[in-house]
Amino acid sequence: MSALPAAAALALAGARELADNDVCFVGIGNPSDAALLAKHTHAPGMTLIYESGVIGSDPKTPPLSTGSPSVSDGAMMIADGLSVFAELQAGRIDVGLLSAAQVDRLGNLNSTVIGEYAEPKLRLVGSGGAHDIACLAQRLVILMPHDPRRFVDRVDFITSPGVDKKRAALKLGSGPAALVTDRARFTFETGEARLAAVMPGFTAAQALEGIPWTVSKTADFQVIERFEPAAVETASRRLDYLFA
Amino acid sequence: MSALPAAAALALAGARELADNDVCFVGIGNPSDAALLAKHTHAPGMTLIYESGVIGSDPKTPPLSTGSPSVSDGAMMIADGLSVFAELQAGRIDVGLLSAAQVDRLGNLNSTVIGEYAEPKLRLVGSGGAHDIACLAQRLVILMPHDPRRFVDRVDFITSPGVDKKRAALKLGSGPAALVTDRARFTFETGEARLAAVMPGFTAAQALEGIPWTVSKTADFQVIERFEPAAVETASRRLDYLFA
Amino acid sequence: MADKAVSLSDAVARTVKDGDTVFIGGFGHAVPFALGHEILRQGFKNLTLCRSGTDILFDLMIAAGAVKKAVFGYLGNPGIGLGQAFRRAVKAGAIEYEDWTNFAMILRLHAARLGVPFLPARILQIGDMPNVLPDLKTLDCPYTGEQLTCIPALKPDVALIHAQHADREGNIKFYGIDGDTVEGALAADKIVVSVEHFIEPEQIAETPELTRIPAHRVTAVAEVPWGAHPSYVEGFYGRDDTHFYDYDKIAREDESLRQYLQKWVYDCPDRRTYLETVGAEKLSELKAHGSGREPR
Amino acid sequence: MADKAVSLSDAVARTVKDGDTVFIGGFGHAVPFALGHEILRQGFKNLTLCRSGTDILFDLMIAAGAVKKAVFGYLGNPGIGLGQAFRRAVKAGAIEYEDWTNFAMILRLHAARLGVPFLPARILQIGDMPNVLPDLKTLDCPYTGEQLTCIPALKPDVALIHAQHADREGNIKFYGIDGDTVEGALAADKIVVSVEHFIEPEQIAETPELTRIPAHRVTAVAEVPWGAHPSYVEGFYGRDDTHFYDYDKIAREDESLRQYLQKWVYDCPDRRTYLETVGAEKLSELKAHGSGREPR
């Protein structure tokens, strides 16, 4: 087991997906943590965009919502929601980062309802911008805590589509590039999620623990021995709440 | 003959078309003069909007263009072109004020070309926002200097449509409410321009001098004996360039 | 131009009607809680509430029984949890709702603002969302042949907005996070605004780019300091995050939520009483924890 | 983020290509004359120029033979007269052009910015304009049955913009009259900007609502004081109306216009020489006749 708290490991694993100068459309929570960490380690040229209309954001404290004060404090530009979703639809956003209540083997995400839509066991918050990001970002990165209840064979409701053959004809983004947990990295080259890497401190068995479908490994399966010490140090300083 | 310069008489005649609290989409030149005059006499609650995106404008000096400094100096709001044309298309602009190179008996305006479109005698500047205003303003007021060359039976090119039966089905504005010159006021209740009033100092014959089609009078034809002295005084002070 | 400055209660009484479709401004920032509470105190019913990403004000208005239908992209307590009253109302079949996305809601308002019945978009073509939106149309682009979704216009009867400043004629100065606040206001037939502080028209003209809603579009404007608490107002005060965490616990049960409504809405006939309920200490703390930006 | 600050000549050389569709910013205000002149000095050809309401820069670029096609709502010398070079080119059959309206051009750019191939609108359905726009489509709204025009997207290869301020990373601060300047920039694939004055990123962050183009969208930015002369820049200098009146006379004949181009464009290898040609007295007069608003 890693000595890191799971939330910190997830941020570190997620940050690895982001490259310098990436333009990222960032959801709240794990996505925001991972993006901030990347920006303050290996990707200082990254542009963080929140759906509230803020561009070039660099929150000093973790925002509770995309409309929270820390999202706009010190930001380079405050536009509006239309402006940033326009960029997304025009294909000008490199990466979208999302989390959700449920994910399935195709990278579909559910944040709408547990149970039947018409007769819900539990009504959730709905899409927000998640469906839009999943459809329109050039590259989609899904961040999920390793929590077996959240990994299901087929999500109860596809709020934010994962792999879908209709994407190309509809000129949508290419769909999930990676599903990252605090224990592993999954990719979707063949359609279904396959184990592409395990995160520091975890075996493949641990990475798949509780996942209710059979997961194969990619040909280039990797064991990631450690996170960059500088990234861990930055995380512990800048995202100290993940270590609490 | 009126003792007033024609340009001043046109502004005074145009201002009469505007009511307090009207929201006006204003073209440059005669329209802008008339709107300003109205605002500074009987219609202080009028809102002047220019296509450059300026709302609540009150130019201190006559703007050469809708993008000139005096349009924005002291204005209450600087938005953008999309914002103000959106208001126009949503039916939220009470009055559009236009002038043009040519006008015809249906209140059609031409600012595109003299001669054939494909083989022009003289290529003009094009629509600008004029077509948009003519189609979308709730009420259209046309201001033209009394210049017989500019009154034609059928304009060479309908840039900005006047009376058109398709307006209602297409949910466009109601078309020309009045055509105002420095000598007369024409209205379009029956389709064609009819003489509804003559301006101070002019007879009906003078008002129609050189107009190449037969113009009938409205049932309520009026002789306007004089402009409001306060309006004339304001014009001579605020629009002194019209008296030069 | 006419003086549109009225009291908070008149602002609501003169503009809202039972059955109206009401856009609620505030994407996290400058949520119009004072206007929303006033709607509840005046007992309006059968409202359709709409916006992209909601705040707990939406949930609270559902809890109070004022809402017939919710039309939204997200309905919850941002960053904290579910819309608890909404969750129970859905379970009980006591509310109608439409699940859009935030972008779709913005486009719906944008279409209304532009005066067209729909706008084409690429979203809502895959996944399960198109299946639960009744009567959502698609078309093939007449130029490119691409299949596009037709996002229908949504024109609210009334928009409720909170902003930093206005003059008494109704020119609204607003800055900080917008989301779809201005878009929703300009899409609506009537716009009702509460502001932190009235300023003179001459001051409005000093920053004309920050005038986001022009006077002639505004129906009524009321000066209501702290009118967005427990949300925040850029340049004035910070967000009362604790209040949102507390709400999450309180809203889990009908009875405690009823008591919350009593305390924060019905027992506060005016905003002064409300601020006494918040307490001077909390207010001074929020003032201190506002953003570093001064009022502009 | 990368440093995008370059010289005026590099800004153009690195971004513009022969045959490009070029959006020219500046709706009367902040017309990018320095960038436009640089394009002429570098001898680019076969350009398609586009915007809603043009300034004389459009006409001048036509006169210089750089333009294959003009796509516009208005093409002239605002408030003064015709586009004289355009008028002659049309008469001679020496230029292609498309007659749109200002609103239609804005919607064309807005569609490209929104990433959709068209936007529906109510304009261009009556009068003669729809007849001379080849292949303009209509559709019946799938919800209301209303007939609407399909305004096709227009995505420029490059947008040329002049603004007050930028940081060296390319965040662009712009205020004053916009028209379709920002819309056209954000619609384009590449954005090239000249500014009056570089400022630090920290200063950009002080007025984030006035940042109108974010750094990651900008390809190159050059500091070019007076880069919009003879047009004006809010907060910096007034409009040289005399220059526009003079142009109207000069542009009526090919030979005098050729001399104008020689004097103001080809004989000015850089903007410093250009400003010497304008003369210190005129510059100081324009500085004094700027608007009362200070740089913000």
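Note that the chains take the letters A, B, C and D in the order they are written out, and that residue 1 is the start of every chain.
Note that in this section a residue touches a chain if its C-beta (ideal position, glycine included) is under 8 Å from a C-beta of that chain, and two chains touch if they have at least 3 such contacts.
None of these values were measured; they are calculated from a predicted model.
Asks: Return the chains common to the contact lists of chain B and chain D.
Replies: The common neighbours are C.
Asks: Roughly how far is chain A from chain D, going centre to centre by Cα mean, in whole Å?
Replies: Measuring from centre to centre gives 40 Å for this pair.
Asks: Report the inter-chain centroid distance for chain C and chain D in whole angstrom, where each centroid is the mean of the CA atoms.
Replies: About 37 Å separates the centre of chain C from that of chain D.
Asks: Between chain A and chain B, tell me the centre distance in angstrom, where each centre is the average of that chain's C-alpha atoms.
Replies: Their C-alpha centroids are separated by 57 Å.
Asks: What are the residue numbers in chain A that touch two or more other chains?
Replies: 54, 72, 78-79, 88-89, 136
Asks: By the touch rule stated above, which residues of chain D touch at least two different other chains?
Replies: 114-116, 121-122, 146, 175, 209, 293, in rising order.
Asks: For the protein chains shown, what form does their contact graph take: line, ring, star, complete or other?
Replies: other
Asks: If two chains touch, include that pair; go through all of them.
Replies: Touching chain pairs, listed by label, come out as A-C, A-D, B-C, B-D, C-D.
Asks: Residues of chain A touching chain D in their complex?
Replies: Within the complex, chain A touches chain D at residues 21, 23, 44-45, 47, 54-56, 72, 74-79, 83, 86-92, 136.
Asks: Which residues of chain A touch chain C in their complex?
Replies: It is residues 28-29, 51-54, 63-69, 71-73, 78-82, 85, 88-89, 108, 112, 117, 120, 122-132, 134-136, 157-161, 164, 166-167, 169-172 of chain A that touch chain C.
Asks: Please output the residues of chain C touching chain A within their complex, sorted ascending.
Replies: 26-29, 52-53, 72-76, 78-80, 82-83, 86-87, 90-91, 99-104, 106-107, 110, 121-129, 132, 146-147, 175-183, 232, 234, 238-239, 241, 244, 290-293
Asks: Note which residues of chain D are touching chain C in the complex, please.
Replies: Counting only chain D, the residues touching chain C are 114-122, 137, 139, 141-144, 146, 148, 150, 152, 175, 206, 209-210, 293.
Asks: Which residues of chain C touch chain B once you look at their complex with the stated criterion?
Replies: Touch list, chain C to chain B: 1-2, 112-116, 171, 186, 201, 204-205, 208-209, 211-212, 214-217.
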